[in-house]
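So, here come the structures, one by one.
First subunit A sits with subunit B, and in the next complex the same chain sits with subunit C.
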Partner chain A sequence: MSIESIVSVRDVRRSFGRTVALDGIDLDLGTGVTGFLGPNGAGKTTLLRILATALAPDSGTVRILGHDPATADGRYEIRCTLGYVPQEPGFHTRFTTFEFVDYIAILKELTDRRQRHDEVRRVLDQVGLGTVMHKRIGKLSGGMRRRVAIAQALLGHPQLLVLDEPTAGLDPEQRLRFREVVGTVAEHHTVVLATHQTEDVSAMCGRVAVIDEGRVLYDGTPADLAAVAAGKVWLADHPGDGARLSWRTASGRYRVIGDAPDRAEPAEPTIEDAYLLLAGERAMGEEASAA
Partner chain B sequence: MTWHASTETLERYVGGIASPAEAASLEPHLLDCHQCRESLVFVMPRATEERSAAILAGIVDTVDAPSPTFIERIARRLGVADHVARLLGVTPSLRVSWLAGIVVSLTFAVVASDVRGGVGTFLIVAPLLPVAGVAAAFSRRVDASAEMSTVASTRASWLLLIRTIAVLATTLVFTGVAALLLPGNEWEAAAWLLPSLALSTSAVALSTRIEPMIVAAALAGAWVCACAATFGPIARRIGAIGSSSADDPIGRSLLFGPTGQIVLGLVAAAAITITVLQRESIDIRSIA
Partner chain C sequence: MKTHLLNSSGREALALGRGEARRMIRNKGVIVFVLLTPFLIIAATDGNHLRWQASIELILGLVPLGWAIMVATNLAALRDRRHRVSELADTLPVSPAARTAGFLLGGLALVPVVAVLLAGALIVISNHDRLSGSPAIDEMAIGLLIVGGAAIVGVAVARWLPRSMFVVPTIAITIALADSLDKSATSRVRFLGFRTPSSPSLLPALDDRPALWHLVWLAAWCAVMAAVALARDGVGRRLGVAFVALAVLVVVSGVAQTATASAGEATARADVLNRPADHQQCEKIGAVDYCAYVHYEDRIDDWQHVISTVLDHVPVAVAGQLSEVRQRAEPVVGNALCGPSEYLSVLEGPVRKNVSVEQAWSADGQIHPGLSDESLPCNHAGLNLLWTAVQAGSWAVGLPPTRSYSAPPCVADGQARAVIALWLGNVASGKLQRLADVADTSDTGALAYIDWDPPPPWGVEFTRADTAAALALAAVATDNIDRVLADHWDELVDPSTPSARFFVLLGIASPSSSLVVANATCPTRAR
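Our next item is the complex of A and B:
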């Protein structure tokens, strides 16, 4: 990971009415993949939208590639080097896949027709949609539409890729292909992605920030995140009274996070254990719904 | 033989991109020069391969290219750049279905004016059409991919400018033609122009701060109320105009009389000025 800060966030706050989405976020990001891990409503999407210049914070400062998104010129410079997949990408469903990505390419100021079309074909091939480029988006599956959104984000080799739940709806093979694409981009550029799946974090991210209730609860490597739960994860026949969280595993025994129950055996902590420990009950519900 | 053709010249010749003068000079030379004929045989496979690849790429690109919309084709014929024409072609209020709606509305207004005698209905309806067009062109509510298109580098203010010009131009052309079909074709039929400009430019200016659909609804409501208060039965009842049937209610109304037209012209000028001054906030509104 580069020490040079490509994204710098200082004391950023954002509310929607009375709901506080971000409550003083500080982060510095360099090259490589950073994952924002947290339950729904944690503030991940709000933070990503701010990084993607789709939303302005109420207060605090943001610098992306040395530019200030609060100014029109700064936003323009950032947007010239940005790829963004929103949480719920909308499409003009009458467009074909090619037409839609071509439309976004025009908005990204790729004005030369031949070069633009070559670039559109490149990104569609990259996400495995080369064979359906003339199919209307309205007839594509949810996973394919997600890949269309990823393809448009890859246009023009962005230096900053902001991806909100990019793997939602992708099957295992597509997920592997996506990880390869992200890995290639992250060799030289910055990728920020939000997820509530610990599997994505361990497979892709060199760095992880656990976010809940608008605050960063943890910021470090995935390996160090797992260590947060060291000495607090157990396997036992009963959850016991001191368990903060527990669930029955396939073997019939309970995996317990918290104080050790009677006759418990210590278990090797995982990223998931640490995440559940940090984000608590809300994350537990999230994992259950994702499963 | 004092000269020989360069490899580049021979490649251009084989590739079919040599100028006519160059080809005319080269061909008699090749008949006489054994060395250049040998060079030609050497470059031919490579040049043919490159040309075949270029032709194939051109075919693939033509097949892949999005089919242009009706408006896009017209814009290209008018000399608008390919990518700008595309941005216009996907604007909701520049689609054939929208333009058909404009034609239907104007037909209704012309027929209603014909039946009622006078141009009142037409003058009420015509200025509302470009307002609706501007709102449909800029509302994020009708742009399904707004979140992705907003963060593309094209400046929202530039997009606003080209789409507004295209929407106004098409709507005003249709309205102008409809005005010529009005009964009597009196000067009153031209009185729609300044209200149309005033309302549509106001819609653009206010849309830099407020959701375009709300702006359009408010302006339409205000316009209909203003029309009702200055000509027609309601105006007669409240005493804004005389009650005589021989009276000329439109010519005497505040909106369409000389004073009203001057005021509407000034409103249009002010709205354009405000839009230019607020162009920065158009980009900001997209992330508010």
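Our next item is the complex of A and C:
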């Protein structure tokens, strides 16, 4: 499936009152995992909600799997092939894990009882919840609940998986397991996730988009994103005057992004460095414009 | 796009409904109310003496369960919202209308449970010795629709007013609506309520209850409320057509229920009182015809027992004169508020106009067992059959057994025959002491029945002194009294003979100095 035929976003704008959440987003997404990186309030969740048909844009066009979510028929077709984990997924806490996922499975039109129950067991096993499927959700830990949310999104082998901060609250082992699951899905389908975890992006995403203040600052591969910071990341004994960002590391030295301080050594740039650099540049640019 | 339920297969709605049904049946709050309901049904039917009446009144016992189900379905329909699952649910292909339909179907899960409860109640009612007649199964079926309707209303309110707090005013509105309609006891408007109490007339033949139309009425409203719930997600063509059809059904059933009786129907129903002989079944026991309205035939054995007990103590020549005992409505009956109501006032207007009080409550001097079971549930008096027994005693001694509609009871103060009538009534029923304990005393010394439901339908206003005298005779051997009665019957039933004379003949002291004839207004011979 070509990039254009899966998710196409053109000049999408969305505001909440006077707050502009999305300010002319253009994106084309294909098979594989795409990560949205950005600070809080950047517009990532708004964009994901639009892709999940939970929200309509004020303007612009969206096409998902060839369907237009602006029409009722289009929304229905998209929803039939969608798996979605909201940023703050709610749960029926009195339901057991199995009952909740079964409920969502019915809402995904899995009406054959036996097949549905098999599918529910499959996704619960996939996220490692097979042993607690008859435990009430109210008694599960936060990480386990997050896995329940992921499990329900996997029901029915969705062609488009929209995940809003899916790894928040997961322990390292579960995060690895999640990456494995997403990697499997992404072999043939499209996964879009928003995260603050740059290591997730490095580990899972073939593509990354940095979003800030409703705009796409960067759209490319994680390696290319890291390269944005090439020659601008340093290790030094002090931050220096030209640092845009710096922090003291566990070794006692400073990691500096920006101009090199005295006696600094160049460091291998990471996605996080590049992301921080991009976000910082935008903030400084706006300050300069305001001045 | 499956925007409307009627456009989709409904399989998702059925699957959701099954899940909701399981949750509803396992809901602890609902289970508590289900377990309470048999007791509430028993409480609702307490005081009824007809199976017909009990089958109508037991519906009241289902009302709290209906409220519980209304709350439960409301909370269930709001569950996604309350637990912040709405956003996720809104991105799933099953339409909100199908989800609403699932909640509606799930809410109906308790209807079979209620059917089981009603079946149990039917078995109890059918086998209860205290009750007579046959139950009205079509009236009991109303309970299914009340509970089902409550479930539907809970969902409809949740869909339009998505806050759980709104279910409380909804319950309050249903109470106010039902209460206001219940108060229209003689108007057919009362049938527009959810449940309609039985008429205080106590005669099924006079209570023209459009039970089947009422079932249609309630079913139509249930369907309307379900359509209202589904309409929250858009009104398609099919739903619109359904709305119109249901509106027509509501209007038709509403009109059919409240239509005033035609002149012919009113006359026919009034005839039940005017010409009881045409509407009663008679059973000949010995030389006496005992006649009762339909649903009351079981009472004949009780009447025969107390009346024959009375007659055993009077001369054979007197007893032999009794040829017929015919049931008759009491002129005053109890109402739903445990107060007295003129019998005519509890009849629907057109019927009331056609009742001839002279015919229906003639001063014929005969024994007329009433419609109430004489147990006076509101006063906890437990005077079972005292009314009929004292009537029989009055008949034997020549006092008017029952009062006519317009004339007040006559006075027989201090007459020996008054004491004898009460004694005979006490011998047959054993309840005179209980009456003396619970009755008040008027300024004139008569027994008073303030706010009784109803007061005794006797033709005589007995005094407390005469009652005390009759009770004093309990200490005297019955054989001695029988012998005195046999030897001095004509003298003792003479209106001029004071009760003091009776005690002289018995050879015992009078219990009171006031046992002299005074202000007597009763006729010499009532029959």
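Here is the rule we go by: the second predicted complex is superposed on the first by the 275 of 291 C-alpha atoms of A that agree within 3 Å, B and C clash if a C-alpha of one lies under 4 Å from a C-alpha of the other, contacts with A are read in each partner's own complex, and residues count from 1 in each chain.
Simple rule for what comes next: a residue touches a chain if its C-beta (ideal position, glycine included) is under 8 Å from a C-beta of that chain, and two chains touch if they have at least 3 such contacts.
Fair warning: this is a prediction, and the values are worked out from it, not measured in the lab.
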Superposition on subunit A - do subunit B and subunit C clash or fit: clash
Contacts of A:215 with subunit B and subunit C, given as first, second, both or neither: neither
First (subunit B), second (subunit C), both or neither touched by A:136: neither
Partner chain in contact with A:253 - subunit B first, subunit C second, else both or neither: neither
Residue contacts on subunit A - larger count, subunit B or subunit C: B
Contacts of A:122 with subunit B and subunit C, given as first, second, both or neither: neither
Which of subunit B and subunit C A:98 touches, first, second, both or neither: first
Shared contact residues on subunit A - subunit B and subunit C: 52-54, 72, 75-76, 79-80, 82, 84, 86, 88-93, 99, 102-104, 106-109, 111, 113, 116, 152
In the complex, subunit B residues that touch subunit A: 57, 61, 64-66, 81-83, 86-87, 90, 143-155, 280, 283-284, 287-288
Complex contact set, residues of subunit A against subunit C: 49, 52-54, 71-73, 75-76, 79-80, 82, 84, 86, 88-93, 99, 102-104, 106-109, 111, 113, 116, 152
In the complex, subunit C residues that touch subunit A: 1-3, 11-12, 14-16, 19, 79-80, 83-94, 99, 102
Touching residues (chain side subunit A, partner subunit B) in the complex: 52-56, 69, 72, 75-76, 79-80, 82, 84-86, 88-93, 95-96, 98-100, 102-104, 106-109, 111, 113-114, 116-117, 120-121, 133-134, 149, 152
